[in-house]
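One chain, chain A, links the two complexes that follow: it is found with chain B in the first and with chain C in the second.
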Partner chain A sequence: MPRLTVNGQQVEVPAETNLIEAARKAGVEVPHYCYHPGLSIAGQCRLCMVDIEKAPRPTIACNTIATEGMVVLTETDRVRETRKSIMEFHLINHPLDCPVCDQAGECWLQIYYMKHGLYDPRMRDEKVHKPKAVPLGPHVMLDAERCILCSRCVRFCDEITATGELGIFERGDHSEIGLFPGRALENPYSGNVVDICPVGALTDRDFRFQVRVWYLDSAKSVCPGCARGCNIDVHVNRRRPHHAEGRRVARLKPRYNGSVNRWWLCDAGRYGFTFVDDKDRLLAPTRREGETVSDATWDEAIAALAAALRRSPPDEIGIIASPKMANEDLFAVRRLLDNRALRRVAFRVPPRVAGDQDNFLIRADKNPNSLGAELVGLGGDSRAVLEAARAHRLRCLMIFGHDLLASEWPAAEVREALGAVETVVFVGANANATSAAAHWVLPAAAWVERDGTYTNFEGRVQRFRQATEPIGQALAEWEIVGRLLAALGDESTATRAEHWFRQLVAAVPAFAGLSYQALGDGGRLLAGAVKA
Partner chain B sequence: MTDEKILTRNFHRQDSHTLDGYRATGGYQAWPKAQAMEPAAIVEDVKASNLRGLGGAGFPTGTKWSFIPKTHTGPVYLVINADEGEPGTFKDRYLLERDPHALIEGMLIAARAIRCATGFVYIRGEYVEPWRRFSAAVREAYAAGYLGKGFDIVVHRGAGAYICGEETGLISSLEGKKGWPKLKPPFPAIKGAFGAPTIVNNVETICHVPHIISRGAAWFAGLGTKTQGGTRMYSVSGRVARPGLYEESVAVTLRQLIYERAGGVTGNGRLKAVVPGGSSAAILTAAEIDVTMDVDGLKNAGTMAGSAGIIVMDETVSIPEALMVVARFYAHESCGQCTPCRESTGWIYKMTHRIVEGRGRRADLDTILDVARRGAGTTICAFYDGAVGPYISYIEKFRSEFEALTDGAAATPSRREAVSHA
Partner chain C sequence: MTTTDPTFSAEQLAEVRRLQALYPDARGALLPVLYMAQDTFGWISLETEEYVAGLFDLSPAHVHEVVTFYTLYFRERPGRHVVSVCHNLSCHLAGAGSIIAHLKQRLRVEVGETTEDGRVTLLSVECLCACEAAPMMQVDDRYEMNLTPVKIDRILEGLA
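On to the complex of A and B.
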């Protein structure tokens, strides 16, 4: 563990730590473009120059390993002058089209020019022109003129996905990023190149021109797209609702978690949030009588549901919960089971097409909380619940989120089952064929509209936080079930997700010792969980 | 000082490129002698000879060889840089064409010194005839049993990029990658071609090695100056009566080369400026040519021996136009990896072009100088520092000539085409 001094401050770092990371540890930011902690060292932007005592001239920090007794200075006059020069070099051929550039507001050319540049521009000659608005693949757009050729995107495709679609072509100031002939940037992680592009060269085709980044708010969250539980930031547009045609969730960005996804996020997860602002969102409780569907108040809906549960013997009530529900929701369901002594419960519904999986992030289980549902005690045979319904042995069936008609099960059998139950209740965020067949449809808040936790496939419990208000009258599932419990006379129901989590921790041994505070931003492994 | 020809001694023979011709003039005599020597003793001999790299950097050859880690057990590679691309330089092509076996024998000895079993010869793509001649010589050497018994040579042709003559750019290209120079550390002697310790030497440097082994380090050292032994080949071009290749001691002066060997200045007969070591060397004025041509002599004169490509300009030559041509070369050849070089070589070319076209401002001159100074020393390889040599020296030494073209002053119509970014 070498000890070194950065700007007069002593810091001890692991062996083989470079000076950018060593300085970071000392609280000193060394500006850089091409360096990325998840990629190999390129050393080509030349911005991360620092002074090292006794060295004849500034050295790049990214390719210099910290050694015992090293004295590093990041703010000497010559380092500042060098930085200023490097900024000028980066910008002489840059189009300076910030007003029409999507990166504006989160562009490292802007940030570093204001911090380290502030020179008077001297470039008066014609700039080099390169291709603009070139689609590289389904998700990524290239503007080669804005590119500073840091090669992060090239290294990402070489080293992380090992797909090698991108290269740097031509030479000198005509160099440009491009696709190898016959290739498209369509690997399952392509969106990450937009994140790591420090400038406006690679922009997100889904996000570009939707809303200015300075109007976005952000909440720490977890991707619900599969059992990995990649950490994300949800960027929402609440301040300019007239932009982006009312779309509230502007984009998802990966959030670093060294134990889960590091810096990355797959495209399926990144672009899988459209259901949140979809036209098929359920906005209010509805009741269906025959072909007539009418809105109801929450009180009416809860009262009707409580009555249905009261009048049905426990053995004639079935619940199909969902592995897309949070631990808090699932525990509320568990309380409902205990309250009514219900036994016909399950949460797994087999998909029609098995999910894809790779050996990087993507998991075949496309649910964020299968392990949580199992641990809370909702594991059961959902097919048996369905068969009971088909056999006219159920009077009430509550379905959370699933579209049973889009499952592996024959649709005719599902239809038959749904038709054989007196009261079918659907609780979910979006309408589907199953909700259309239900007698009561209760709108649930999407994951970005509420707080909660998921337990990923490795047993890591992670928090996701509310990023925006629930749409219409939607409520979190824990609240819907909580209201139902209250109507059934259970006085101990909780009023916040965190309260439910505390009750869960107290009741389920696997979660012992956890709290929202303990989970923090990176989550915690359950005791006894084995890291896969 | 010596007038003896060593590298070029057989150039007059019709059969100098053949095995028979080489052996008839004492070739392949040093190799058996070296085989009887311990590798370390060969390294010591070459150190003592004061042989310095003749490709451009002038680094002591024996010292470079000694950087191979002693404890290394895997493969070690010897790479010969025959990507001669420095403007004004045309020596290695003649060695490959007219004395290819000298390079092979030198490689055998060098390989023994660094315990290497495979050598690569990276030949500039445009050098078709040198490549044919050298490849034929390699076949002869295999047939005669010099090669293939513990040492093999792989001949590789480049594809026409100046940067591939840079030591680590060459290694990248040899590895099948884009010819981008590599970050140092690690240095090639620790981790070079294909991840193995690698020594990269220039053709001419290695051609000297058999003679050092045959005739002794002291003899070789005595041919030159205190800090550099031997002779080297000077490529003399431009406004001289007898442009061509001249082998002389490294202690020869620039004046001797221009006036005694190359027959003096043509054009209007009056010397204006000389580039002494290839286009990357700082320019010298007519008053600065009484310098010895060894590495340290030229370094002390504020320029460099480089590849010993001497470009002579008489008074009728426009220095701004010469700088524009040089600047266009560096803008065209910058590999584009490091930002300062990639961006400023193009910018500086545009400014020099504008000045030559009569659209320059006096402030442009200061901008060029400032940009050059700011970029110097900030890049992965020495390419940009090489470009800075001419940028700064041409303007500083001939500033009035540039100023006469700026700020609307009467401009000489350029013979050059308009700015092209094709």
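On to the complex of A and C.
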């Protein structure tokens, strides 16, 4: 463990630590463009120059390993002058089109120019022009004039996805980022190049021109797209809703978690949030009688549902919960089972098409909380619940979120089953063919509209936080089930997600010792979890 | 594979492997292998880039990087002969401008173009290291020095 001094401050760092990371440990930021901790060292941008005592000239920090006794100075006159000149070089041919650039506000050219540049431009020649607004693939747009050729995007495609789509072509001031002619940037992780591009050269086609980034609010969350549970920030547009035609979730960005997704997200997860602001969101409780659908109040809906549960013998009530529900919701369902002594419960519904999986992040199980549902004790035989319904042995069936008619089960059998039950209740965020066949439809809040936790496939319990208000009259599932429990006379139902979590921890041994506070931002592994 | 697909012979493939083994990273052999490809197929097409990429287990984009970086790889099929006139300092002072003008007029092409009959491609290039014999040009693998319009006409006549 070499000890070195950075700007007069002693730090001890692990062997092989480079000077950018060593300085970071000393609380000193060394400005840089091409260095990224998740990629190989390129030494391309030259911005991270620092002075090292006894070295004749400034040295790039990214490619210098900290050694015992090293004395590093990041703010000498010489270093500042060097940085300023390098900034000037980087901006020589830059089009300075910040007013129409999506990156403005989170662009490292802007940030570092203000911090380390502030020179008077001396460039009097016509700038070199390059292609602008070139779609590289389904998600990424290239503006080659804004590119500073840091090669982060190239290294990402070489080292992380090993797909090698991108390259730097031509040379000198004609060098530009691009694809092999005729190819597209369409690997399953392509969106990450937008995150790591330090400037506005690569922008997100989905997010482009929706809203300025300084109007966004952010909440720490977890991707619900598969069992990995990648950590994300949900960026919502509350302050300029008219800029994006009412779309509230502007984008999802990866949030670093060294044990889960590091800096990355897959595209399916990153762009998979459209259901949140979809037209098919359920806005109010509804009741269907024959072909007539009418709105109801929550009180009416809960009372009707409580009555249906009361009048049906426990054996004639089925519940199909969902592995997309949070641990808190699932525990509320478990309480409902205990309250009514119900046994016909399950949560797994086989998808029509098996999910894809790779050996990086993407998991075949497209649900964020299958393990949680299992541990809470809802892991029954869903096919048996369906069969019971089909055999006219159920009077009441509660379905959470699933579209049974889009599952692997034959649609005709599902229709028969739904038609054979006196009261079918659907609880979910979005309408689907199954909700259309239900007698009662109760609107659930989407994951960004509420708090909760998921347990990923490795047994890591992770919090997601509310980023925006529930749409319409939607409520979190724990609240819907909680109101139902109250109507059934259970006095101890909780009124916050965190309280439900506490009750879960007290009741389910697998979760012992956990609390929202203990989960923190990075989550915690269940005590019994074996890390895959 | 159709007949237009670039493919090396068995001997050439053996040579590729020999070249690759010379370098600690086989990629080091990319330049000589691309020259082999250029000699064999006449130029470096995108198909050739993909073929060579396959020989190195590289992505075509990385071969494209190399081909577009260096000016001596032809990215379009050149004429049967390539005439490269030096326009750098010494040759320029010694009249390269009028030499190029003469060639353009005789060949009826602009710099960078190939004559309609596919006989000659005219290029202007940086220093070819023969300043003592300026103005000069390279015709295929030969240097032609101390150029005059008369000398150029004679050289052009010799190009089939």
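Following the convention adopted for this analysis, the second predicted complex is superposed on the first by the 532 of 532 C-alpha atoms of A that agree within 3 Å, B and C clash if a C-alpha of one lies under 4 Å from a C-alpha of the other, contacts with A are read in each partner's own complex, and residues count from 1 in each chain.
The working rule: contacts are C-beta pairs under 8 Å (C-beta built on N, C-alpha and C of every residue); 3 or more make two chains touch, one makes a residue touch a chain.
Since this is a predicted model, take the numbers as computed values, not measurements.
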**OP:** Specify the partner with more touching residues on chain A, choosing between chain B and chain C.
**Re:** B
Original post:
Between chain B (first) and chain C (second), which does A:Arg344 come into contact with in this model arrangement: first, second, both, or neither?
Top reply: neither
**OP:** Mind working out whether A:Arg524 is in touch with chain B, chain C, both or neither, as first, second, both or neither?
**Re:** neither
**OP:** Return first, second, both or neither, reflecting whether A:Arg83 touches chain B, chain C, both chains, or no partner chain.
**Re:** neither
Original post:
After lining up the shared chain so the two structures overlap, which partner does A:Ile148 touch, if you call chain B first and chain C second: first, second, both or neither?
Top reply: first
Original post:
For A:Arg183, is the partner it touches chain B (first), chain C (second), both, or none of the two (neither)?
Top reply: second
**OP:** Tell me which partner A:Lys324 touches in the superposition: chain B (first), chain C (second), both or neither.
**Re:** neither
**OP:** Look at A:Glu126 in the shared chain and tell me whether it touches chain B only, chain C only, both, or neither; answer first, second, both or neither.
**Re:** first
**OP:** Examine A:Arg171 and indicate which partner it touches, taking first as chain B and second as chain C; both and neither are also allowed.
**Re:** both
Original post:
Which residues would you name on chain A as touching chain B in one complex and chain C in the other?
Top reply: 167-168, 170-171
**OP:** In the complex, go through chain B and note every residue touching chain A.
**Re:** 161, 163, 178, 183, 185, 331-340, 342-347, 350-351, 354, 367, 371, 374-375, 377-380, 419, 421
Original post:
Across the complex, what residues on chain C touch chain A?
Top reply: 46, 49-50, 58-62, 64-65, 68-69
Subject >> chain A - residues contacting chain B, complex >> reply: 41-47, 49, 57-58, 63, 81-82, 85-86, 88-90, 92-93, 122-123, 125-126, 128-129, 148-149, 167-168, 170-175
Original post:
chain C touches which residues of chain A in the complex?
Top reply: 158, 163-171, 178-183
